[in-house]
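Chain IDs A, B, C and D follow the sequence of writing; residue 1 opens each chain.
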Amino acid sequence: MRKIAVLGLVLLVVSLTIVACGGAPAATQPGAAPAAGQAAAKTGGEKTVTIGFTTSQTGSANLESGRQTNGFKLWLDEINAKGGLKLADGTTLKFASKSYDDESKKDRVQELYTKLVNDDKADFLISPYSSGLADAVAVIAEQYGRVMITAGASSDSTHDKGYSLVYMSYTPASRYLTGALDLLAKLDPNAKKVAIINEKDKFSTDVVTAAKAYAEGKGYQIVTFEGYDTGATDFAPYINKIPAGVDAVIGGGHFADGSTFARQLLEKGIKAKFIALLVAPPEPKFAELGDAALGVIGPSQWEPLAKYSAEGAKAAGVEYYGPKLEDFVTEYKGKYTEEPSYHAAGGYAAGLLLQKAIETAGSTDTQKVKAALDKMDLMTFFGRTKFDTSEKTHGLQLGHDMVYIQWQKGADGKLTKQVVWPEAGKSASALYPAR
Amino acid sequence: MKVGNVGAVRPAASAAVPSIPARFWQRVSFWVTLAVVALLGAVAIVSQRDTLREAMFTLLMFASLASSLNILLGYTGYVSFGHIVFFGLGGYSGFYFISKQGWSIYPSLIVGGLVASVIALLIGLSILRLRGAYFALATIGILEAARAFVANFGPFGGSTGLSINFSVYRQYGGPAQALWTSFYIMWVITFIVVIVSFYIKSSRFGLGLLSIREDEDAALVMGVNAPRWKTLAYVVSAFFPGVIGTLYFFKNGNVEPADAFRLQMSIETIVMVMLGGQGTVLGPILGAATYDRLRSYLLTSDLFKNLHLAVAGLALLLIVLFVPAGVVGWLRGRFAQLRRVLE
Amino acid sequence: MPAQVLTSVVDGLMLGFVYGVAAMGMTLIWGVMRVINLSHGPLIALGMFGTYFLFTGLGLNPYLGLLLIAVVGLVAGFVIYGVAVHRVINAPYLSSLLATFAVSMMIIGVGTAALSTSPFNVDFSLGSVAAGPLTIPGTRLMAAFAAVLVAGLLYLFLYRTKPGKAIRAVSNNRGAAELMGIPSSRVLALSFGIGTMLAGLAGGLIATFFPFTILSGETYQLKSFVIGVLGGLGNPIGALVGGLVLGLLEGIIPAFMPVSWVPVIEFALFVLVLLIRPTGLLGGRA
Amino acid sequence: MILQVQGVCKRFGGLQALTDVTFDMEEGQILGLIGPNGAGKTTLFNAVNGVYPPEVGKVVFRGQDITRWAPYKVAHLGMARTFQVVRPLNELTVRDNVIVGACYGREGHSRTAGAKVADAVLERVGLAERANQLAASLNVAQKKRLEMARALAAKPYLLLLDEVLAGLNPTEVARMLDTIRQIRAEGVTIFMIEHLMHAVMNLSDWVVVLDYGKVIAQGLPQQVSTDPHVVEAYLGDPRLAAELLAGG
């Protein structure tokens, strides 16, 4: 009798150990590189800085997220290939990264970031792709006192929560489509009716809420205002609600839904003169839609055709930092055999901004780097960067601007991407009406 | 369709079954279970490692979710795919008071639980009339309807949900401390769920539930007011996900419909209950621990990263096919003497 | 406005046919063996990929490809039944729910690893048919036509052939059917095979007009539940009608409120029907 | 009058299961209900204790109209029953099975008090040593006694026994008959369905005969067994008919 009770207890203890250890080994085996880096911290004035982030290897955002990671890895390889970053005090910094798959889902991402900070000893963080995930992990960055650069995330609402260590590298969502409306006003002063159909996630909602207010302020009539769930594939019910005689259709969300939406707009024969969608159009893959892509405008954080340069920086009275735009494009193409999209550029820029801040601070100390970021006002290949330092909306991007691209038919009949707005940076005039 | 106990294990030996004290606090098994929960929490506290604490928070959260589901699924025999609806609705309500009304976490937790219970009462009065798979289907319907409704519901922020200002954590001693506080609360909730589970199981009420699980019609004839008791079981089992939801969203700082009403999470909770042994108290806790650690391990292991779901699915299939009583159920069935120790 | 409602309703109905096929398999399996097949959704998704690979990889016409998908689906159904379902067919229903859920996890797991979760597109177009305010893509018309054909064949099979009659007999009363010498195990396997085949066919059709991932089946699985209950659980022919009812609702509701309210109404209706008439609006056996 | 059944009719789809069934039961009696297979005997039990509420007619128990009451309410009033096909709560122990009867029966004991009642009842039906086994592990005769024990633990005024002797061997039958007599001696009224004719005829104070859902005869055992209607009804089953005549 007693023996059995003892046996039971032993079994229990064994199972518990397994349970407890199940947590431990997974948690205590960080990637080899950063661990080695930590060990080498104080020797010979060389130090390894670990940057942690998650990638959506699977899930709805895997395309955009993958590009962002590609861009970041390019930065990482380049800086290390150059022998690292030399600080004023003579220390050489090498950079390492540690990342996990967040499955494009929020439920594990916080745990993964906690792990990045505590087990993998990440010194700095880059946000995951998409505003929803970035918003979730901003808390973690703040809670554990790590500076986080958000890339691929632009929800304004992340920055009205009182965070002080989260810095947005993108133009905020509220300014994504306002420029498109400016463009529309310029193209066609008589345009009146605007239909807004968007994904109902944080980012797109922030975008259209701001765009709707902006449009109404400019005297546009919003004839349709509908949201669809993330992952939607059938847009017919929404498209059917667009009344005949609509001038502009704006909205969308991310790549997958946006491209399907564009395709179904064509199939359903919607005769909108102006179509502007989020995220999807700037992706090179959007061209695979063929006719459905023609004339579609998309706000882009950055384009290979953009014209950010040292001269421009001088004109604006700020410093230019990092590689030339053309060099970035060439390097990226060399490594990944495709045009960089703005997600890729954003990933690179996140690393670059961090690099600059560390260089300015002359240290990897969180508070010093934070001070450097707060003061930062510069131009890179990605555009201008300046952060809001007010207490209410700290970390919000103030300097960076959107460009707007449109898919047009080139002389050879192939679809090409042209920058059509702002006026100063355009590579072609907008095609109007689009259809 | 008859609702029966899946954990149907024919006893190995009919003789020599120990008698178990009537009062649950006199049972070895009660203290063993408490010790398990104590250990799970202590691991994080002793190590003082934030990662382990976070992992244990998730683990304890699933352990209490599974245990609370067990009151309905394991004791009463009603399979609900909608347990997470209470996590969502209760959590949303509690979180609403934190973010919009500026309440402290503590009363909000209670409110979250109560809202979940009241909703369970209203839903339960109608759908508990359905039996077997019809009930299961109805719970799926309710979960989906609730998710779609909240996504359209203005006060809850519609599809983008609600969030709290970071400064809120200051009243809990700063963000780092707030995480520890959340963890402690989670730990306490797990203890409460265990004690309530034992209390119910050893009470007259619990006996009624068990008889409903075994044979609802026979139970009715024996005088068990099945409609009332199963509704009560539903209400009690819904209270905890409401509390846990509030805490979880408080810890996250935000809530969105897509995170709050995940059918997948509901099903995973059922899997945990099954894995450990439905109808037992320790089972759901061990089941949650095993499943959660397994999944978390697979997710971060380089070898299985891309196949974690498939591996977990294979494990589940093997258990359903070959150990339907779950680990604790199997042990209890195989070694009658263990019934004193494991319950 | 009326033109808009008309378009919307026609779109809904076209889709309703396909919903019907998706639900037929689910409800057939339920009727015969009282199993809610939670792997139904992923199987639909596999059907989608079937079309994709046959079309994009082999250049096979999607509608010809359906024949192959049907055969593979049938065999896959046998295998799933044999491996995962047969052992728990007489156990309480939670076992079969979880067994099929485990299958679903495995399909999605392997599918995610092999196919990622980025959307796939079958770049196949039959143009559009325009009539007045209506513009109906040809693929959807074909899908509706194929759905009717599948329903018709299923009807003939169930009511005119020996194995079909055996399926109905087992569905009515398995014990009695066994007494009459009907080999119930074989019939159950066959039903699961046909159910899987129907899931695959539905997926194959959907793939011709919507993009999809390995996760896309879930929506159709949930809709299949709703349709099953509307048309009568266990009544495969009722499923087609149920599908049309659902399609009609999806066409009409957006005319009066935001589209995002559609699922609220759909699922509330679903629960209501379960409560009031669990045998389905159109009768059928419970 | 402990139970009055007045004009009870019950229909299942196209099948008229009970037609205008009327009879009374005296307190302290054993009333035997007999009839050929499919006569509607179990349906009558179900109509009386609320499992299948009758469409027409009235059931009065201890002066209270309980027609269409839920079965659990009827149980609380003091009516307990056993099932023809045993329905043990398989995954519960034998003792817990009986405690359910005690806790939810007429006296509505607490769990601890219920345990005491259960132990006493188990002792009496001879299952005491199996108290801690799972009910599923009992053999058929033991399960029958478990059914009886559950019903007794409810301390009913009226006990409905549905073929408790079926499937038992002669020794077991004798034991069961003893138990039934004892129960009656304690003042519990018994309403029993039984196929074993000699047992019914020996035990019962009053016999009601159902055929095709109708009462075709009722009276003292001797009267009934010689009633031509009854004999005719049983002619379809010669063995039973012979037994009926022999038993009378």
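Everything below uses one rule, namely that a residue touches a chain if its C-beta (ideal position, glycine included) is under 8 Å from a C-beta of that chain, and two chains touch if they have at least 3 such contacts.
Every value quoted in this text rests on a predicted model; they were computed, and no experiment measured them.
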Could you let me know which interface, A-C or A-B, is made of more C-beta pairs in contact?
A-B
Can you give the whole-Å distance between the Cα centres of chain A and chain D?
75
Dist(centroid_CA(chain A), centroid_CA(chain C)) in Å evaluates to 38
Report the inter-centroid distance (CA atoms only) between chain C and chain D in whole Å.
49
Would you give the residues of chain B that are in contact with at least 2 other chains, written as numbers and ranges?
4-5, 8, 18, 151, 159, 306
Can you list the residues of chain C that touch 2 or more other chains?
112, 258, 260, 262
Would you pick out the residues of chain D that each touch at least 2 other chains?
none
All pairs of touching chains, each written as two labels joined by a dash
A-B, A-C, B-C, B-D
Could you list, by residue number, the parts of chain C that touch chain B in their complex?
30, 34, 36, 38, 84, 87-88, 91-95, 97-99, 101-106, 108-110, 112-113, 218, 222, 225-226, 229, 258, 260-264, 266-268, 270-271, 274-275, 278
Listed in rising order, the residues of chain B that touch chain D in the complex are 4-5, 7-8, 10-11, 14, 17-19, 22-23, 202-204, 207-208, 210-211, 213-215, 217-227, 279
Residues on chain C engaged by chain A in the complex (per definition of touch)
3-4, 7-8, 11-12, 15, 112, 116-119, 128, 130, 135, 137, 210-213, 215-216, 250-251, 254, 258-260, 262
State the interface residues of chain A toward chain B in the complex, per the touch definition above.
1, 4-5, 7-9, 11-12, 15-16, 18-20, 22-27, 57-58, 100-101, 106-108, 110-112, 114-115, 117-119, 132, 135-136, 139, 142-144, 157, 160-163, 200-202, 205-206, 227, 229-230
In the complex with chain C, residue positions of chain A that touch it:
57-60, 62-63, 104, 200, 226-229, 231, 233-234, 236-238, 240-241, 243-244, 256, 259-260, 267-269
